[in-house]
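For reference, the structure I am asking about is given below.
Order of writing sets the labels: A, B, C and D. Residues in every chain begin at 1.
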Amino acid sequence: MKKSVKILALLLALCMLASMAACGSKQETPAAPANNGSSTETKTETKTETKPEAKPAADLHCAVDAETVVVCTADETPSVTCRDHNAVAGGYVNHLTYETLLALDRALAPQPCLAESYTYEEQADGSVLWTFNLRHGVKYHNGAEMKAEDVVASLEEAKVMPKVATYAQSFNNVTAKDDYTVTMTTDGPSASLLYDLCSNGNSICPADLIKSGHDFNVEPIGTGPYKMTEWKISESLTFVAHEDYLRGAPQIKTVIWKIIPEGSARTIALQAHEVDYVIELDSNDMKLVEDDPNLTLMNIDGLSHNWLTINNEVKPFDNKLVRKAMNAAINKEDVVTVALNGAGIVAPGQTPYGQLGFDGTGYDHYDVELAKKYAAESGVDMSTISFDIICSDDTKRRAAQVVQDNLTSLFGMNITLSSMDLATYLSETAAGNFEGFIGGYTSSDMMSFLKGVYHSSNINASNKTRTNDPQLDAMIEKALATVDNAAREEVLKECSRYLNELCCQIPLYQKATLSAHNANLQGCFTGASGRFWVEEWYWE
Amino acid sequence: MWKYILKRIIALIPVIVGVTLIVYFIMSLAPGDPATTILGDQATPEAIAQLREEMGLNDPIIIQYARYMLHLARGDMGTSYKTKKPVSIEVFSRFPATAKLSVMAITFSTILAIPLGMLAAVKQNSFFDGASMIFALLGISMPIFWFGVLEQLLFSLKLGWLPSSGNDYWYSIILPAIALGFHNIASVARITRSSMLEVIRQDYIRTARSKGVPYGTVIRRHALRNALIPTVTVLGIQIGALLAGSTLTETVFAWPGMGRFMITSISGRDIPSVLGCIIIFTLCFSVVNLIVDLAYGFIDPRIKGQY
Amino acid sequence: MAKKKQTETVVMTANGEQVIKKQNLALETWRRLAKNWSAMVGLAIVIVLVLCAVFADVLYDYDTQVIKQNISNRLQAPSGEHPMGTDEVGRDVLARIVHGSRISLEIGLAANVFSLTVGGILGAIAGFYGHRVDNIIMRIMDVFLAIPGTLLAICIMAALGSSIFNLIIALAVSGTPGYARIVRGAVLPVRDMEYVEAARAIGCTNKRIIFKHVIPNSLAPVIVQATMHTATTILTIAGLSFLGLGISPPTPEWGSMLSAGRAYIRGYAYLTTFPGLTIMITILAFNLLGDGLRDALDPRLR
Amino acid sequence: MNEEIKNTKDLELDIKNLVVEYRTPGGVTQALNGLDLEIEKGKTLGLVGETGAGKTTTGLSILQLIPDPPGVIVDGSIKLAGEDVMLKSEKEMEKIRGQQVSMIFQDPMTSLNPVMPVEDQIAEVIEMHELGEDGKPISHSAAILKAKEMLELVGIPGDRGTEFPHQFSGGMKQRVVIAIALACNPKLLIADEPTTALDVTIQAQVLEMMKGLREKYGTSMLMITHDLGIVAEICDTVSVIYAGRVIEHGTLEDVFDFTRHPYTEGLFNSLPDLDHRENRLKPIKGLMPDPTNLPKGCAFCPRCDYAMEICKTEKPPRVYRNDEHYVECFLYNEQNIKEGGLLGR
């Protein structure tokens, strides 16, 4: 026994030595002084010229060096192409390598990106012709210049790729007028076109590569600020700066994109300075990060709107008053506390708060008396209701437990919870084989939210309450056809109020986007959509 | 001996067919449509239909299975639903990591378990016997994901000795290998102990002692090798448990292996990938057990002649 | 001739002793077990667990103390009132652990009984009839054995969805081939023993021979396996919970408590420590008991 | 009265009042119950008795290899060439085992390590005890050479030494065991039923060989057996053991021709008489007493045709017929023992 303890100690000691040695070698990686502009004056002719670089890196406590950021995320992207996945994890890496004609700005409004400007005019047949003027001199990672034919090829490919085709429905007849002008048409005025063009699925790639069957999953070539150099499956992706990037070469020259599935392991890695930036911080670790002077926490109100979804086709949930009674009976504050550990807000309406067109008027908040009143009016004996809530992850399970407790103690409803894995949950809920579940929808604009969640055409897919309300459908379609922002906002607000009254489902919370990074990493902005801009980061 | 190996390899074929059959049908009958799963919460019905068609999910399951097996017979494990890469690439790019982890874990547990089991047997019913068995059992008693997190907290965060996750340095493997190996100490130590207990009662041990050989030497020279035979068997069987354990360990330590891939494939209903993993797991398990059977020959001359 | 005669006397003598011993096999086993302090510790813990399970309702009321939430009281550190603290929705952890023993033991027992029945019968048939039957059954079992048990359970749980019943099925299916193998292994030597030959000679049916002779003689390894497998089962449940395939809340199952608590491991370590220790001690106890039983029942070490 | 004579004897082995118990949770087994045994230098003693009488325990006691636990030597002394082995340390015992005393075990099938070539097993004992020509411990190759010689000596071609035990027949394995036992020319050889597990023809060969070797090296021998034929063949003196005690002892002639104890008589009657095959065998009735619960008086009395009341309650005293020959039985006193047996022998 004693011997084995000694051996173990020795082994550990060896490891320590080795790790120290490795750290040393890490710092020796030759690094150009870059734009930090600091401490370059100590440069000498000796072999130790890299030393001045090593020092700041040590001070920064960065994982690798002052030109590298190690980003860590929960899920590996299924693909590094832009059109062969629709995963959030894939979206993150797409933002590094690809760009789109338009891009959402920090306030989630579409702004020109690869397109310099655009115009539109209504045609005689009622359709609308859009003209996009492309930027000149935009270079791909392979050195080629972006031309209009690339846009045509990219958008046409998007239309046939099932995983992104949803975002390629609004436009038709994409044509290249000249090398720097692209036109396309929409069936009537379309507000969604601009948002659709911001989607990763509509990223622009070189036409010749698309035609020759280039494997973008091995070598993703776009115009984005970084190009991928290595993909160690299940482990990490490495990106290096695209020196010809249209907005100038990024300061961070290397981005290592690590995959760590476990939340606690991500926080540990961050605290141990193995990584510099954690995209999905576990809400339980929020306080730890806050209390750590070496780390910065970013807690951004998110767009993910989450609810207790109830199947409106199932009795007695077809009764609006029953739904309203349940809505008023649930203590959402408790849900936020328990499910999110406070990292989020109570949803103040049936539509996502913070987006153009939100209106909370007519929405009932937690109110036991009101709940009892609705219950009495409904004519349904609430204590006879029994149903099952499907939850597919820990957060949802925690939320569901509060819901279960509230409804049981107030009305004596009989509620069971069932855990399902994501696949089962998605299929079962889409097919309507459920009574209730904890679900959500994330979208960066109100229109796609409303269309996805409530339009009758999405029954058996994303309209899981199975709401089939012609009046609502009409309002949503009207909003989609309203290009003018102010006018559209009015339609959307009306829609929000209508939904608050209809109460198809029971909003619970809007999850915050939590991320954390080394306090010395600067320029980190995270938008409400969870989007961030690595090309703006730098060490200080 | 080559004939024997060949026979064993041929015997593998029905096992592989059986395994794929079972898993294919379990996965296909599972609720959860691969297309819906890939497209997620916000998919439109048209997109789902389009993807299902593309993935060939509209045929009857039997047809799908037959098609899969025909491809497999030609050595083609199909294409991952999720990543659209060939499953063989997906699996074999992760296999080395899992193999490395398993070998390290087995090595770690064997190095600790065999002396532990030996000493416990020699000092049967003593305090040391009980204590060492309890120590060995600790590993099997702690849920691996809990033990893993505790390891990370201690060695990575508190002491800063070892990286908490990933596979960046050669020593990244230490923590996951300990977590995984610790789990197997008990089985190996236990079987070593009980076979040792049996061996030290054998007549030839008495013969050796009657020659005047010191007890310690008797144990090392005569008892150990004989006691190793059942231990090696257990090591072979442990590979199965180890591969299963690797799914959890790999998740906790972000180890880029097959176990983690299999879990995500199961939850993504990525049937070709799941089958690919299962086939590799089965092959590994069978090949390791074949090696174990061959190893008997080297340990025990009596068995050598039987191949 | 002389030699033979004497050898026979000797055998009789030896048998005489064995006969006496056989009558007291249970007692003898118990005596040997009682000598093994670690096995006794294991047994004591198992007894405590069983008592917990039986008297759980007396100790804590299920509806008001085990599943009833009290958000204002959430994440309380251990204190006199809540010796193991409260969880993320303010439930008493101790109360849940006590009631959890019921779930864990129930599942462990049910899964084992199922595996044992199916696996035992299959193994006995295979071992007893031999040849073709044996070949067919054991090849099928080999297929199941080739899939690591946990992985099989994961697949089954994904397919069936999570409920206690499905969990039992998943664990039972993955445990069956192990039992089949053990029982077959125990039956094979018994099959050729003289008393079975004798039973056959006097016209006993095969079924009768299996139930009267073969099964009782396979008992020892099966008892050991059952004890050990219960431990494995509890551990597998914990692993499944970790992957989100465990038992749905608010059912107080240890594995799901540990798994749910791991999110809080940094700030509220007791949420994992207590369920974790409970699982650990339980598995330890079952293993100690199993090891002790194995030693006690092993005729070679007698 | 015999003390002086005894002291003048040159004893290789002298066991006095040896008491060995096996203490198990099931009870205390009285394996040896005050056993006395003497072997003169160069002589062979036959230790005869049924299985369970304590014969093997006697052999193991001499080597101090009683499995402990559960075996405990409670009382008595064991002297090898005058030195008490009970006082020796384990280290000293290691020097004695294999060199001064070696033992041949009952079952050659299990007595050899199955995973070690036989020459290594023979060489091991040589390496343990012998010095090479340079005075340092003998080299492995020299030991192997000697081992091959030993194999030749017991009638096995030396080049078969690299083979494993499973490649040998039972008789040859026993030869290997004997080669191991004799490799270092021990002063005392304990042979525990060396031929029981062998075919009759092989038995004779092995016995012949042992006899030859004994004469060649002048080794003393303790021949443990239940086969009276072997005793007649090879032994100088005989001790009959029953329930852990010598109940009759004498020279071969004393015991065979002047049998006194009813148990010894019984043993002889169990043998078939080839000259008078019409005579029925007369086996000893009953079984050995339970060693955990020995009768209070004479251990043999429950099976004895001549048992008297006193036999049940008191231990019989030792009665000498001559200097060597004695019995422990109430049937005899100093007078009638010399007058010929009650048993008609």
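Methods note: a residue touches a chain if its C-beta (ideal position, glycine included) is under 8 Å from a C-beta of that chain, and two chains touch if they have at least 3 such contacts.
Owing to the predicted nature of the structure, the values given are computational and were not obtained by experimental measurement.
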item: Pair sharing more residue contacts (C-beta pairs) when B-D is set against A-B; value: A-B
item: Innermost chain, where centres are averages of C-alpha coordinates; value: B
item: Furthest chain, CA centroid comparison against chain D; value: A
item: Chain B and chain D, separation of their C-alpha mean positions in angstrom; value: 53
item: Separation of chain A from chain B, taking each centre as the mean of its C-alpha atoms, in whole Å; value: 36
item: Centroid spacing, where centroids are CA-atom means, of chain C and chain D in whole angstrom; value: 49
item: Euclidean distance of C-alpha centroids - chain B vs chain C, Å; value: 22
item: Overlap residues in chain A, where contacts from two or more other chains coincide; value: 264, 420-421, 423-424
item: Residues of chain C engaged with two or more neighbouring chains; value: 35, 158, 161, 244, 259, 262, 265-266
item: Contact footprint of chain B on chain A as seen in their complex; value: 1, 4, 11-12, 15-16, 18-19, 22, 76, 78-79, 84-87, 162-163, 165-166, 217, 232-236, 258-262, 264-265, 268-269, 271-272, 274, 420-428, 430, 439-443, 452, 457-462
item: In the complex, chain A residues that touch chain C; value: 263-264, 267, 282, 284-285, 287-288, 331, 334, 337-338, 391-394, 397-398, 400-402, 404-405, 409, 416-421, 423-424
item: Of all residues in chain B, those that touch chain C in their complex; value: 14-15, 18-19, 22-23, 26-27, 29-32, 125, 129-130, 133-134, 137-138, 140-146, 149, 153, 186, 190, 194, 197-198, 201, 240-241, 243-245, 247-248, 251, 262-263, 266-267, 274, 278, 281-282, 285-286
item: Chain B partner contacts - residues on chain D that touch it in the complex; value: 60, 63, 65, 67, 90, 93-99, 102-103, 105, 107, 110-116, 124-125, 128-129, 164, 166, 177, 180
item: Residue ranges of chain C in contact with chain A within the complex; value: 67-69, 71, 74, 88-89, 158, 161-163, 244-250, 259-260, 262-267
